[in-house]
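Please find the structures below.
In the two complexes that follow, chain A is the common piece, with chain B as its partner first and chain C second.
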Partner chain A sequence: MITQDLISFFLFSLLYLTVTIPLVLAYRVTKVINFTVANYITYGAYTAVLLDYYMRSSFGHNSLLLTVLSSFAVTGLIAVLSNLAVFKPLAEMRVKGDVLMIASMGLWIVLKYVLYIVSDIASSAWRTNLVSYSQIHYDDISLLTVRAGLVGVQQSLVVFPLLAVASMFILYLVLSETRVGRAVLAVADNSVLASLSGIAVGRVVNLTWFLTAGLTSLAGVMWTTYSGAITPEVGDSLILQVFTIAFIGGLSSLTRTAAGALLISGVENFGTDLLSTYLGLPTSIKPMLTFTVLLATLIVSPPLGVAGGVPYRFTRGARR
Partner chain B sequence: MGLPLGYVFSTTTSPQSTGAPQAGQAREYQIGFTLPLSGELSSIGKIWEKVVYLALDDLNNEVKAYGFNVTFKPVILDDGTQDDKALANVQSFAQMGIKVVIGPAASSQVKAVKSFADANHIVIISPSSTAPTLAIPNDFIFRTVGSDAKQAKALATLAYTQGARTVVVFHRNDEYGNAFADFFTRYFSQFNNTKVYDLPYQAGLSDYTSEVNALASKVQSTGADSVVLIAFDTDAANILAHAAGNSVLSSVRWFLSEGPHGAQELLSPTIGQFAQKTRLLGTRPLFVHNPLYDEFAKKLKEKYGVEPTVFCDTLYDAVQLAGWAILRAGKYDGDAIRAALVEVAKHYYGPSGWTMFDENGDKAFQDYGVWAIVKTDQGYQFMDVGMVQGDSVIFTTTPYR
Partner chain C sequence: MIDVLGFLITLTTYIGIYLVLSLTLTLEVSSGITNFGKVAFYGLGAYTGALIGTYLPLAITGSRASPFDVNGIQLLYTISKSNPVLDLSVFLLSLAAGFAVSALFGLLLTYPIHRVGSALVGFTLLSTGEVLRLFYLNTEPLGESKGFMGIPNPFAWLPQARGAEALYLIIVWCFVGLTYFIVSRIMNSPLGRILKGMRDDELVALYAGWPTPLIKSKVLALTSGFTGVAGVLWAYYFTSINPNMFTPSLTFNIWAMVILGGIDSIVGGVLGTVLLASVDYAARFVIPFIGTTLVTPDYLRWIIVGLVMLVVLLKKPEGLAPRRGGVSKL
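And then the complex of A and B:
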């Protein structure tokens, strides 16, 4: 089923790009290997769920645009609050990177169960089940597809490229065309020098959390048009692939990360189908394929930017 | 400081908190519930929680009407539809002194708790576990729903009478899915000119894109005309949503087990349209023409605003049986309650019909209804459209035109 594999490859490539590019940028600025990226995806999806139920009940229709703006704002705010409450105090104590990583794991679990509580309360208040929610159809996208003569096209085929391109464009615009963006890159390259040159590093860090978490939440919104059942486990199911791709990119090179997203999506979709069809292997070996790629990458072309090392582009000369 | 601490310790360590009644006072019995409030069965688990409260209200009112000075209280724990959490919950109940536990939902979970329950003489009443492999006599496991050995036959009959001849059975790779698939294959293969291909999928994933693509390849390579899906609610919703976007899978018939019935996710436009296109039909345990079921469904809707899903009726009856068995036993003891439960079930008729157990502690008499997802003015809805009787299917309405 090559056509179906191509479609899945296309969609998952976009999904992984939307999550991993902001993740790598966030790491370069904050130096946190951040497991709460799973929460950003899930909170993005659940802002969409709650808004969809509320809007349909109150107005009879929903809106992708409003959903995207709300998901971005909510998730960005949660990330900033997480930084102020957890990562900033730890950074001021000058703890090592592994302590920050463990803190992010704890925060990941806490935020997950906060979401369970919130959806439980909403379910009781609205007398409907929100712990598991159906696929969402966005009325403005339906209108768009009808006007474009694309009647019958799955919404995910429209929403995925739309949000992925929007996400990359926003990131590109901010980083290359704004003073704030240049400040972010300066802090990413060297926070000490950036501080000495007058950049308010603390503010840049908060802004980076807000921006990257907000952009990651778009992956959650994408997911609501793809999966038949949206649950608070959405982000957790993607975290292994996300970190594999980020490590392929060395947690530093955005270009290599993008290539990693395409590679992992290809291996998962084509590789699994080929092995299942011709060798009769179960599709449950998918994670094995993902990690085989990771291990091969680490052995053949170890990224030196990982865990606080220099950015990848500065290592090429040294390795020669 | 000492007085409040003393009060706290005295109330938390009093016999009343362990599930046994305190002499001289109104008796309070605790019933443990291990429910899938999160995880793969959470879609129906949240509704089950409402059913528990409704059932206990009715039970408490009924026992008072009979003059018993007794109250039944629930202790509800979420097992996340996971085997290890279900076991942990039952162990917690044991520590609290609770001798009757309702749940868990999934057959793999029942399997996980069985040894502990049998060793500690804790009566387990599952309203939804149906794996034939758990039909074992002389244990502490009871199920207020018939074994899937019978449902597999009903589903095979439905598929065959609807024209299925070459079938791919796409099923959860767990206790429930494997046993159901095995029995389905046995029964379907007995019909003339039939072929069955087995395709298990790993349960517990958040997305089944690869699995659905593999299914499409299998359907195409075998020339199958039908798919039989044996799944729970969230995995079924994910699978059907992906299948809806697949041209191969949208051109064959689909037949489902009872697991996904009632899940709101299946009523989305994507899956609703797919159901119309593939004339999707399913089977589920159903006691037809039961006014008590209609009354129960009405009460649930009025009090909690939800429609009953699959196994809500068997859960309701499990609660009633547990309460009356405790009273009949005369003491809060696992062995006595187990013996009393068998006798109480012989005479109890509830929303799920007669609850009499067979020699394995499973519901002895079970009918199976046929359900569909139909389009109405209010959107897509689940509808019971017929029933399976012996080797034939009787439709009471035409679900798809």
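And then the complex of A and C:
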């Protein structure tokens, strides 16, 4: 029981990190509370599903590398297009952050049901059920595990660390070692100053959308090796955890976000197990625990001054 | 032969319930509360109503039947057919309880969210709705995934079904009128202007001396109460509820209505609601006749809801009927 908990704690921590670090970075650059992050995860997973079915039926093999590259490209492209079509025009209209968020909600519904339609059409064209797809095994990962002498190890135990580390590494490399990465950080800190010093802010914002959405989609690919039933609701089912973690990080600090990912993953896996073992509570209490952490975060350490909030905490009587 | 009168009665009842929801949302939006959790309070009201409407008549008549099995549902039906006083008092009690529970819940929820920005408020309320839905889904006394069936119509004792429908329609529209009266009185009063200022710049409102967290709590409690009443009305109208009725999509539907008509404009909200709710209802009516198609029509319906939000925000942010006498930009 405890080993099972440890394994899922490990896997979910990596999954949450893969989603939330790009999310917080994207918020700092684009200033959009972006609910379409759920779509990015789902589109990542579904690119993997469609590619898996196509490659298996045509060539008999599939490949994680190819899946990752195409998920990255598809999702990144969707994010850039949604920026160009929705968020950029809205930002030019100088609307408040609320409107951007509401627009991201609208986009979320549209993208979600577009995916449903796509998977319906693909299901009927290929005469298979893509709306609930089984776990995917990647042939190149099997090859790798056999070479490394790890026969019989679940693929998720290899794929999760691999993709999470790759995602963090790419992010680190781009942000700290390239000029364009430094430009991204500059825009994140102060976009007016960045544009005054000659940075093409619009292009940097587009790049951020592409990069962060692409990296988020890796979480979807990770999910395909873990979950037994991949559905178009994958991303939606993770959104509570993802935003709770982002709020723990105050939508700004990457270290606190990482700590939040560990916290939520721990609470979900160990907390649920403890409560069901010692108090006999059902395991369906899991989302409520996360929700309790969300409320506690908002009370104890609210992210102030972001996303339309007043920059200081007003408590009756107390002076800080 | 299509029953035109019946269709009109159900359509107007449907629109009426949505109007209560969209009017309260208009008040919330115009005071800077981005309520993405309408469905939380709506569902809470509906479940409160259903709990009272099923358990109470069974308990009063001394029956031990469960409201979830066939015997219980049949017993509820016979009770509702024969006992007008009980029916009506249970209904009134449900309305009061639905209001009280939802309002209290809204008031309690303002404590964690009054410090943070509107986006965080929106997300917290959204997840409240989801968590509540999962709670209904996994709680046995609430019927789990089946939900409540056989919630008695308060006018089931009338001999003609048409009369019961018409009376229920009148009740619903009384509540629409009440909500409209309260919302328009608040929005066109000095308090309404404070709310508007609070939405435009909370810091300025705070420095002008208004206790914005307190005002927000009161507004959310009031609107949540009415949203709860809408939930009770829905439960007794539809006579069965289940957790799948209370998904976040419903919230977006109401948001699309309010955005289409013009955010923070009462007339616009009403217009948008009548338009979208009619389309919605017509779609519900027509879709079963289409049969199986390649693309499920329901998906298209949701895409249209999302597109309405996006297109209006991008092309006509003031909506179809903007609020007069002020900039109605969010």
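Quick note on the criterion: the second predicted complex is superposed on the first by the 304 of 320 C-alpha atoms of A that agree within 3 Å, B and C clash if a C-alpha of one lies under 4 Å from a C-alpha of the other, contacts with A are read in each partner's own complex, and residues count from 1 in each chain.
Please note the rule applied: a contact is a pair of C-beta atoms (placed from the backbone, for glycine too) under 8 Å apart; a residue touches a chain by one contact, two chains touch by 3 or more.
Note that the structure is predicted; figures quoted are calculated from it, not measured.
Engineer: Output check: A:D273 vs chain B and chain C. Expected answer is one of first, second, both, neither. What do you get?
Structural biologist: Only chain B is touched by A:D273; chain C is not.
Engineer: Applying the touch criterion given at the start, work out whether A:F243 contacts chain B, chain C, both or neither, answering first, second, both or neither.
Structural biologist: Only chain C is touched by A:F243; chain B is not.
Engineer: When both complexes are superposed, which of chain B and chain C contacts more residues belonging to chain A?
Structural biologist: Comparing chain B with chain C, the partner touching more chain A residues is C.
Engineer: Using the superposition on chain A described above, determine whether A:Y116 touches chain B (first), chain C (second), both, or neither.
Structural biologist: Both partners, chain B and chain C.
Engineer: Which partner does A:T231 reach: the first (chain B), the second (chain C), both, or neither?
Structural biologist: Only chain B; A:T231 stays clear of chain C.
Engineer: Across the two complexes, what residues of chain A are contacted by chain B and by chain C?
Structural biologist: 116, 282, 284
Engineer: In the complex, go through chain A and note every residue touching chain C.
Structural biologist: Residues 33, 86, 89-90, 93, 95-99, 101-103, 105-110, 112-114, 116-117, 120-121, 124, 239-240, 243-244, 247, 282, 284, 287-288, 291, 294-295, 298-299, 302-311, 313-314.
Engineer: Name, in rising order, each residue of chain C that touches chain A in their complex.
Structural biologist: 34, 36, 111-113, 115-120, 122-124, 127-128, 130-131, 134-135, 137-138, 202-203, 206, 213, 249, 252, 255-256, 259, 294-296, 299-300, 302-303, 305-310, 313-314, 317, 329-330
Engineer: Would you pull the chain A residues touching chain B in the complex into a rising list?
Structural biologist: 1, 3-5, 7-8, 12, 116, 123, 127-129, 131-135, 137, 154, 156, 226-229, 231-234, 236-238, 268-269, 272-273, 276-277, 282-284, 286
Engineer: Over in the complex, which chain B residues touch chain A? Could you list them?
Structural biologist: Those in contact with chain A are residues 37-39, 42-43, 45-47, 173, 200-202, 205-207, 209-211, 213-214, 216-217, 220-221, 233-242, 245-248, 263-271, 304-306.
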